[in-house]
Structures are given as C-alpha cells and as structure tokens.
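Below you'll find the structures, each written out as structure tokens.
Two complexes, one shared chain (chain A), two partners (chain B, chain C).
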Partner chain A sequence: MTRTGGERIRAWALAGALIVATIGAAAWGPGARAADPIRVGFGMALTGGLAAAGKAALLAMEIWAQDTNDAGGLLGREVALVYYDDQSNPANVPGIYTKLLSIDQVDLVVSGYGTNLIAPAMPIMMSRDLVFMGLFGLAVNEQFDYDNYFQIMPAGPDPRLDWSRGFFSLAETLAPKPKTLAIVGADAEFSRNAMIGARAHAEAAALEIVYDRTYPPATVDYSPIVRAIQATKPNLVYVASYPPDSVGILRAAKEIGLKARMFGGGMVGLQYASIQTKLGPMLNGIVNYDFWVPEPTLNFPGINEFLAKYQAVAGDAGVDPLGYYLPPYAYSYVQVLGQAVEATQSLDHKILGAYIHGHEFDTVVGKVEFGANGEWARTRVLLVQFQGIEDKSLEQFTRPGSRVVLYPEEWVSGTLDYPYAE
Partner chain B sequence: MAAKAFWPVAIALILAAIGLTQLLANEYYFFAAYVVLQFVVLATAWNILGGYTGYVNFGSAAFFAVGAYCSVALIKAFDAPLPVLILAAGAVSGLIGLATGYLTLRLKGVYFAIATLALAIVLETFITNWDFVGGASGTFVLRPKEVWLFDSYIKFLFAVMMVLAVAAVGIARSIERSKLGRGLAAIRDDEVAAECMGVPTLRLKLLATTISGTLMGVAGAPYPYYVTYLDPLSAFNLSYAVNAIAMPMIGGTMTWLGPVVGALLLGTAQQVATVTISSELNLLIVGVMLVGFVILAPEGIVGLVRKTIRRGRRR
Partner chain C sequence: MFTFDLLANAIVAGVLLGGFYTAVSLGLTIAFGRLDVVNIAHPAFVILGSYTAYMVNAAFGVDPVLAGLAFTPAFFAIGVGIYRVYHASFERRGDESLRGLAFFFGLMFIVEVALILVYGVDYRLVDAPYIGATVSFGFVGVPMRMLVPFALALIMTIALQQYFVRTFMGRAIMAVSQDRLALQLMGADPTRVKQLAFGIALATASLAGAMLIVIGPVEPSMGRLYIGRVFAIVVLGGMGSVGGTLIAALLLGVIESLTATFYGPSWAPAVAFGFLLFALAVRPQGLFGR
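This part shows the complex of A and B:
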C-alpha cells in the first residue's frame, strides 16, 4: 500500500513539474505589447560562445531604441525591440525569424551577430523581399546575391581582400622592403577567410610565404607554433586568430622572443578591453585591424555621446566596459534602418531597400554608404598599432595615442613604430 | 500499440502532416516541428544502440554531421535531389557506424562512450580540413526555389522529416519485437551470459551500430537545406549528442515509444522556451528534466506509466 502511494506521488510530482514548466514557459514570455510601436525583430546570441558580443550589441540597440523614442520615435510611433536568444546556434535562427515575422509580426528585421547566425535567416528574408541589416557577417551575400541585404561591418566590397589590405599596404612602405611572410590562423571561419586574403596580397606583393599553417581552434599551447614561425625567420607575421588564440600567440611570441618587422594583422580579441587590460605592455608594437579607436581622426558626431551612455551601463550588464569594437556598429545598423524609415516615411521594404542603396547615412561610426552587394562601398578596416602602453590599467586605452591609426590614409593619426622586434 | 494498428496510424500521421502543410499558412510551426521530428529520429536511432543494447554513444552529433556533410558534398558535386541525399547520407553514416562498431565494440561501458566521443573529434577534424565542403569556413547551401506539391521548401522539409521519423520509429519497433531485439536485450542484460547461450553478440552489436548510425545520418541529410549555412562547429554541436541521450532517458529506453515521448516532450519544451523564456533557463530545462526523471522515474515516462497501470490492475 505504501509503495503504491509512493508511485502515485512520483507520478503527480512529475505531472506537476511538467505543467509548471509549460505554464512558466508561457508566462515568462515577452509580455503583452502595445499595438502601436514599430517593432524591430531579431535573434541575438545572449548565451553560448558569442554571448559576450551579442549582449554588448543588444545593449547598444537598446540605447538606440531609447534615443529614438526620446526624439519622438519613427513615423511618430515608438520603437520596440522584439528579440530572442539564438543561443549562438544557427539551427535556432530559421525558427526565430519565422516566428518574428509570422507570429510577432514585426515591421523591420535585423540580424544577430556573426556570419553563421546571419546566413540561416537569409532565405526567409529573400522569400518575403525584406530589407535585412546584417551585423558583422563576412561575405554572406556572396552566395545569396540578395538585393536587400546590407551589412554594417566596414569590411568593404571585397571583404576577404579588404580585411588585410591595410597590413600589406603598410608593409610595402617599410624600408628595406620585406621579402618573407609567415601566415598563421585558426581552423575556423573568420581565420580561413582572412588567410585567403593575406595570401592574395602576398602574391600581388611578390612576398615569399615561408610559413602557412592553421591550428585547431582548441589549441592551448602556442609555443610550438611560434617556434616554428621563428625558425623560418619571416620579415612579416600575419596572424588571423580568435580571442583565446590571440592571447596565447601573443604570450608565446613574447616568451620566445619572436623577431619580425611587423606582427599582427587579423587578431580578434585585441579590440576588447578585458583582453587589453590582461595583456598590458605586451601589446606594444602589435599592428592589428580595428573598426573604431578613440583617435581624433575618428571623432564622428554622436560617437562620444553613445559611448558615454553605453559605458554607464556596461558594468551592470557585464559586457565590454569600453565598447569600441562592436557596440557602435550595433547602434549604427539600426540607426541606418531608422534613418531610412524617417526619410522615406515608409515601412515598405522595397522602398526602404532602394533608399538604402542610393543614399549615404550619418551614423555614430561616420558616413556609411553601401555598395551593390550590401557591403560598405569602400573599406574602412583600420590598421592600428598599440603604442605607449605602460601598464594594465583600463584608463590608458581610452586615451588617444594608445592605438594609432596607420591605414587607411584618410584616418591616419600616427606613424608606424617598427620593427616589432629584431 | 497493437501490431496491426501501428502502420495504419503511421501512414495516417504522414498524410495528416502533408495535409497540414496545405492548410496551415504560418511557417513557424513547420520550422519548430521539423526540429522536434529531427530529434525523434536522433533519439530513436540512439536508443537502438544505447537503450536496446546498453552501449552509450556520445558521438551522435558526428553521425548527424556526417549525414549533413554527405548532403553538402553531393549537392556541390552533382546537385543531387533530396531523396538521393538521404539515401547516400544513410549509407555513409551506416558504414561509419559499422566501422566504428568493429573498432570499438571490444570496449565496454565508459570506455566505449569515450571512444564514440573521440570519433566525433576525428570526424570534425576531417571535415574542418576538407575544403570541398567548406572546411572550417563553412559553406552556404541554397534551397531549391520550387518544390512539387508544396508552396514552401520548409513545408516540404517538414513532410520529409515526418516520413523519416515514422520510418525510424517503425524500424526501432520492428527491431524491438524481433529476434534481433531479443538478442540485443540479452546483450544489455548480461553480455557474457548471452554469448554463452549462443547469441552472436558481435554480429548483433555491429548490426545495432550500423542501423543506429544510418538513422542518425538520415536525420542529418536534410539539415543543410534547413539551415542554409553549415559549418563544423554547428554541425558537430554537442547539443545533438546531449539531446539524443537525454530524450530516450526521459521517455524511457526500454521501448520504441520512450524516445518518441522524450523527443516530443523535450523537443517541444525547448522550442517553446527558445521563443519565450531566456535560454539560460531553456538549457536548464534539459538538465532539470533529466535529473528529475533519473531520480523520480529511472525507467522514463513510459516505464512509470506502465508501472502505474500495472499497479492499478493489481488493485
């Protein structure tokens, strides 16, 4: 009799748990929404591998929504963000965007962060002829060739080549002219693409590639890789790495005493304050890509106001405290969309798409103009060099001069300090 | 379910699914249902080796990814149609299952599980370095613009996945009730005793790994068309392996119905959670349900229901 009672209790406990879970899932969903706001829908990586970037991007977008609403909204209506966590998993993306469009009935859509979370949404946008703003996707439209896709990362019309154009343009100016090059990068999407571009530039500049290898993304010890590079005695070392690898390679280079005239190029992560404050003076001399740094030449209207708002709440949100890398662009890609809506006084995607193609936009990251493939009409991948880093304090990275811009010429704010080590 | 009723119900389900694609316009439900059905296939496939035979496979994601990448290779090489992709993915994954079984089935328990995990790493490294299918950069797969009978490709994919799910469950059910199923159960209960009784244990285990691998590969075959961009990190995502194990554990590993119940319950809960609550809680659902069921119902929902019915009858 007792055992029967126990079984019954277990069955009821399970049934209760299931009911609570289901009701909870429904009740904790986004609350009832007013019918009036213009709704901007997207999926964003709020958990998983890309969460750090996704959360920072979301914060920037919330600041844009707040700014827009404070200024009277769009078309006289408030703006509301409707978003779901894609968990950094591409498999969730098609479902999320279909729900946004067919159940939430959002008016505008923008992408989540990164190539592999943008691409799965593309067929849905294409089938409905929607304007789709992309956030940091690399060459996504190469395959889809979709007219209403626009991407905010300033990689330029030919992202693979434009990514490393600055590094190799600058290398050509060195005296004496470098002759040998080592290329190293992770076995992953971004690194592979960046390395393809680096090889093309090397060929054009008649550089002899003395080392060209990839490493598995899970690598933890970079000393053997850096030793192997050192053994080839390259003049230039181009690195296309992800944040953990960038730190590992840099530490290994310092420990081993890597000698090269220019070192860096495509190291993701060195743009983040958390990594900068971890590495401190080790960063001096590194030449790397970036999208925005606090240099006088890049003091665009609105950028400082945006960063002040962002930095005021970044600590509580647990995201990058300075927010120079991704957040201004996350703000800008919705800013472009908002400006297009206001200028055309329309939510018709055909009209919006045509307008975005034909006009230049004033954003917090400067003037933005899109080319035929939806990428920036001209590249603005900056090549910067860490200079004068004295310690590991955060404050020094907010000062002009800690990362001087060396390329493109239009934005130059300092001169190259070379060699990296000899 | 009575033997005679199964296949008519199965066919009715497929017809209902096709009918639904003609009646329901909102595509979201088809995207969500596709994922749930995909997990029905994966969980059922895992259960053939893990539940019936007692060999825990942590490499489900690898077989799934092999199926997906097999499709990518055939699309790129020949622009092959989906039925061909499914058959080829099943064949390749089945062969890999057979080879894996041959190499690893001397191992037992945790050692076998580790070996299957190692298989996933080996295959991921291979794909990462195979440039024809996109390598580490990943690859884009464009869906065909039009498909016969359906007004959108996702509806077609949903119908295809329904057929695959029904077929997978049918195969699992047939195995369970066959001589093969009884042999596998004997291996699960006591492999040495089964061998002594004349059960050809190695042959049966190889059959189980092959069938399980085939079904997992089949589940992955339409995935490139679902997601349209495939890279090794997402194809070999650990969540496939975790779900393939958790779903049969929650539903019950002893019968074909267990993985179905587990996949429908957990898959649906995950889909609902993705668009309602934050995903920290979404991931928590899997963990909490798994722990809860292991403690409260070690034989899964099906086992608990059966026990409750049996006790009810005794009274």
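This part shows the complex of A and C:
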C-alpha cells in the first residue's frame, strides 16, 4: 500500500502536533500542577448522631480554608477541602479515606470528629506513613502508638487520666474531704475511657466507689439511674455522658433532688448553646469539663475574630450559635497543619511529622505543643462551673462569669461554689 | 441496694416509661400489626412530630403537646398520601415485601435529611412549665415530663381502642388484614380503609414525637435508636392489639426500670429483650395475639 502526498503531509502534521503536545506538557506540566490547590481530605459526621459536632467542625474548617486562601494559600497554592459524610458511622471511615487517598489523591488528611471515627482510619494512615491530625479523639493512640498522629483536643499526655484530673484535683481541696464517689456513663468509647480515668483517680485519692455503672444508648428515662445513685449517698457524682443523656441525667437529678457535693465531670452537651439555653438555671453549680469559655484568662489572639466569623454563619448552617466548644479546635487542627506546611515548605509527610513533633504552634486556642504520643504536651482540659445563670437567654452565656474556670491553675478565673446540693 | 421506696419509684418510673413506649408503638401496631405494612420509617415520623412541636413551641410558645395535637390532621393527611403512593407503586403489584421495605427505608432517610436541611443537626429542646417539675405521693416522686406523656398515651390508647371496637370504620380496619373479600362484601373499600388506618398511624406517631421532645432533646437521626424497641413491643403485644401494645410497653418499661435501678442500666435492654424472647417462645403469637 502506498501513501499519497496529501496523506504524508497529514501524517507528518499529526506526528508534529503530538511532539509539540508532549514537549508542551513536559514544559508546562509542573507549572500547572503547582497552580492546583493543596487538597485536604477528610470524612466528617454531617448526618447521624454526631452531625451537630461534625457540621460545626466543617464550618470552622471552611473558615480556615477561606482565611488561608485570603492570605495567599499554602506554598503559593490555594487550599481546598475534600470531604465526605461518614454518617457518624465508623464502618464508613476506611472506605472514605481509601477513596480520598487513592482516587481523589489528596495531599493532606485530617480526621473526622470523635474517637469512634478516628480509630478506624488509623490503620490506613499507618500503612501509608501519613501525618494524621485528629479532632477530639480520646486516647486513640494508646492502642496504635503511631508516631505521626496528632490530636488537637487538649486532653494532655495521658488522656484517660487528664480528662478527669481537674474534677478530682478540685475534690481533694473540699473541706471536709469527700469519701465516696458514684461513677456513671454511657456504654460507648469516650465514656468508658473517661470512666477508666475517674476510677484511677478515685483509687489514688482513696475514694470509695459506691456506684459504678454504664447505661445503653437510647435510654429514655434516667430517673431510675439517678435514684439508684441517690440511694448510695455519694459525696461526688462523676458523669461521662453524651448530649441527650446529659440533659436527661441533669433533669432527673433536679426532679429527684440529687444530693452531692460535686456533680458533673465529663458531661458532653452542656457546652452547647442550644442545650444551655433550655436548661438555664438548672445548670447552676454543675462542674464540668470544657475547652474554651469566654473568660478573661482564655483570651487568645485570633479567637474572637474567628468566633465572629463563625457566629455570623452558624445560624444559617443550623449549628451551635456560639461555637465555643469544638469549632475553635476544628480551626486549629488544620491551622497547625497549615503552619507546618508553610514552615517546612513541604508536603512530605515525614518532614511534616517531624516538624509538628518538634515545634510549638500559635493557634486560635493558644499555643499548642504535642507530646510524644501526639496528644497535647500538657493538659488543658478545663474544669468550669456554671454560676449565676438567671434565665434561659443566650446572651448570658457569652459573658465572663457564667462558666468560671476552676482548673488548671494557670487559667483559673473564679472559685468553686459548693456543695452542689446537700 | 434494695429499699421499698426505691422499688416503688422504679415501678412508677417504669409505668411512666411504658406509657411513652405505648405512644411511640401504637402507630406501628396499626400499620404493621393491622395493615401488614412494614413501616420502618415510623420512628422518623415520630422525630418529625418532635420537630413540628419544637417549631410551634419555639415560634409561638405553644405547649408542645398541644402543638402535637394540633398537627395530627396534617400528619393524618401525610399518612394517607404515603399509603396511596405505597399502594399504587408496590402493594397493588404484589411487590410490597422487599420493594415496599426499601420504599420505607428510603422514606426514613428522606425525612431525616429534610430535617437536617431545614433545622440543621443541633439538638432541639422545648419549653413547658411542667418540664423539671415533680409531684410527690409520699416517697414516690413523679416527674411531670414523664407523667404528661403517660396520661396522653393512656388517653390515646383508650380512644383508639374505642374507635376500633365501636365504629364501622374502626371495625373495618380491624378486619382489613384478615379478610379483604369479606370486607368488600360488607360494602367497604379495603384500600380506602387501609389509607385511613395509615393516616391514623402517622397521626399517632406525630403525637408521640411531641411527647418525646417533652422528655428529652431530639436530633434528626435519633429515630433509628427506637426501631428495634418499637417493633419488639408490637410483636410482644400481639401484632395489632391496641391493648396488647399497652401491656407489652408497660411490661418492657417496668422491666427496664427495675433492671436499671437494681442491676445496672446497661443490662436493661438485654433483660427486656430476653423477656421478649421468652414470651414469644411460650406464646409465639404475642401476649394478645390470636
């Protein structure tokens, strides 16, 4: 078969075009790639039981991405968040991160919200040696001992113990010294960890544990539980509960007239404005953990600017209108990652991991330094007490003095009002 | 620790809890027990009822239970509409067993996602003067936020039982799952009867939702937690017996409360479901089934 002159010309033209395209791609490829955004991938609870926290966290992360891009991005590139709804279901997590890493090919990964949704992602991160920033996981790394895991919740180097350290440190100062303790918590990962810590503190303080029980999810009425606690006449009641349980236990305690010198400890949900504004004065006297409250001792650079941006959009997003509890930390855990990328000028996970281990970070929740196990080098789980709550208005919870800090010493802003009820 | 006042309080708390369980289960007793419609979206409609009560309470300060009552006609209409779609798409073609189940499963997600889109995912609570108040009878304390739902559930049960026993349409609903042909010969249209019954089922779900938000906070996906318990009560009660549902719910409530008080709350569901298995082994048709 012979070719005509026209066919030869077309063949040469095609070959020439292919060569030009190949050279062009080689010359321009890296430049085009550098203009691509740095993609931060994660799963987040946008539906299901943890969605209230997950959506608030996402909002904070979007504010960080916007702030970062407004400031010129990272390594001169914009940042983009790539996320999927894990539906609050741990079973969805491995699939989400596999997709993020294999198909979406994200540059950086961070966790979704909560212990139950961080743990299933850990084996994937470990197998690929990736830096993994955790959002509110309690003692996750105790099982994995992974070098490149960093967790933003200020639980401290020994999370199980540090979580309730404030409650028991304060109990030690009461006069007369308390002798008996009741522990109650949900049948779930976080509560079990918190209860382990509480038992250890009780043993160290020679407190007699007179009630130690868990309750299942979907418990409707907490009156029988609180009555059983009341029957043991404890001096202290330590509760490790989730939001609906916290409300149920608190209401039952008020209805029954629970008597204890200190009551609270690890009640999730009492930090949310939607719950605070419905419980109102019922909250007075409760001592509970928290991570940030509008007290003068916790006025970190950038926190008020962040909260102003968050609160401006929280209403439309249907999330916590004040956003004191989780959102500043959701902003901070990507802030740490961003600062590490800028400081090292690298997206290499080994370099990033080493940098995060060796440096302190300035974030909207103050200075953050990680210990060897990826938890905060020093605990900053605050123990706060609700005081002077007069009604159910939202505004009073934005004022200093409504939740005074009692522990740790460095951040104290008030004194304990006790007993809770006797 | 055992004391008689603890025992008395545990029994009273269990009875009140059982009243609430009754309210949540009655709709499914009608839909699943009487109409053979496996409405697994039932708890999602309970939560929708909670949000309706919340919306009215937050906007106008209306009592959540009254708000729930006011919206029962709307839920009745929604129920009628859903049954029409279900009947036309699945039941009439004989596809209701698996595809119908998928339909209600999908409906559950639609309701949940719709609530998230409209209200967000934050926990919602209501205000009412009786929330937080307790009435005492000697050493027995009765929390009003449990007593009000119990009283309403009792009224609802009696009203439904009377309706089913004393009215033509009520008896038609009782008969529709037994013999459609006989019902047609009596001059009633089985599809219309089922439509009406499904509407009633959804109306009771909405009222139960109003009671739920009086008891505690709700969020859109909370309904999933109740699916197992609600079906268990309907089966234990005898699949379609209104009185049986009340007795089964009270039994489960009291068993849960006693277990939570004396043996530890984490055992409560295990003991309650153990009782269900035992009861079904002895009486497979349920306590009041035929």
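Going forward, the second predicted complex is superposed on the first by the 387 of 422 C-alpha atoms of A that agree within 3 Å, B and C clash if a C-alpha of one lies under 4 Å from a C-alpha of the other, contacts with A are read in each partner's own complex, and residues count from 1 in each chain.
Criterion: contacts are C-beta pairs under 8 Å (C-beta built on N, C-alpha and C of every residue); 3 or more make two chains touch, one makes a residue touch a chain.
Fair warning: this is a prediction, and the values are worked out from it, not measured in the lab.
In the superposed pair of complexes, A:412 makes contact with neither chain B nor chain C. Look at A:351: by the touch rule set out above, it reaches neither chain B nor chain C. In the superposed pair of complexes, A:47 makes contact with chain B and with chain C alike. Of the two partner chains placed by superposition, only chain B is touched by A:99; chain C is not.
When the two complexes are overlaid on their common chain A, residue A:232 makes contact with chain C while staying clear of chain B. Applying the stated contact rule after C-alpha superposition, one finds that A:174 touches neither chain B nor chain C. Contacts of A:343 after superposition: neither chain B nor chain C is touched.
With both structures placed on the common chain, the touch criterion links A:216 to chain B and to chain C. When the shared chain is aligned, no partner comes close enough to touch A:205: not chain B, not chain C. Touched by chain B in one complex and by chain C in the other are residues 46-48, 187, 214, 216 of chain A. By the touch criterion stated above, chain C contacts chain A in their complex at residues 1, 3, 6, 9-10, 13-14, 16-17, 20-21, 112-113, 116, 118-127, 131-134, 141, 143, 145-146, 215-222, 225-226, 229, 256-258, 260-262, 264-266, 268-269. Those residues of chain A that touch chain B in the complex are listed here as 4, 7-8, 10-11, 13-14, 17-18, 21-22, 24-26, 28-30, 46-48, 84-85, 87, 89-96, 98-99, 102-103, 115-116, 119-120, 122-123, 127, 142-144, 186-189, 191-193, 214, 216.
On chain B, the positions that touch chain A within their shared complex are 26-28, 31-32, 35, 125, 128-129, 135-138, 140, 142-143, 152-154, 223, 226-229, 231, 233-234, 237, 239, 265, 269, 271-283, 285, 289, 292-293, 296-297, 301, 304, 307-308, 311, 315. Every residue of chain A that touches chain C in the complex is listed here, in rising order: 46-49, 51-52, 54-55, 88, 187, 213-221, 223-225, 227-228, 231-232, 243-244, 247-248, 251-252, 254-256, 269, 272, 274-275, 278, 282, 317-320, 392.
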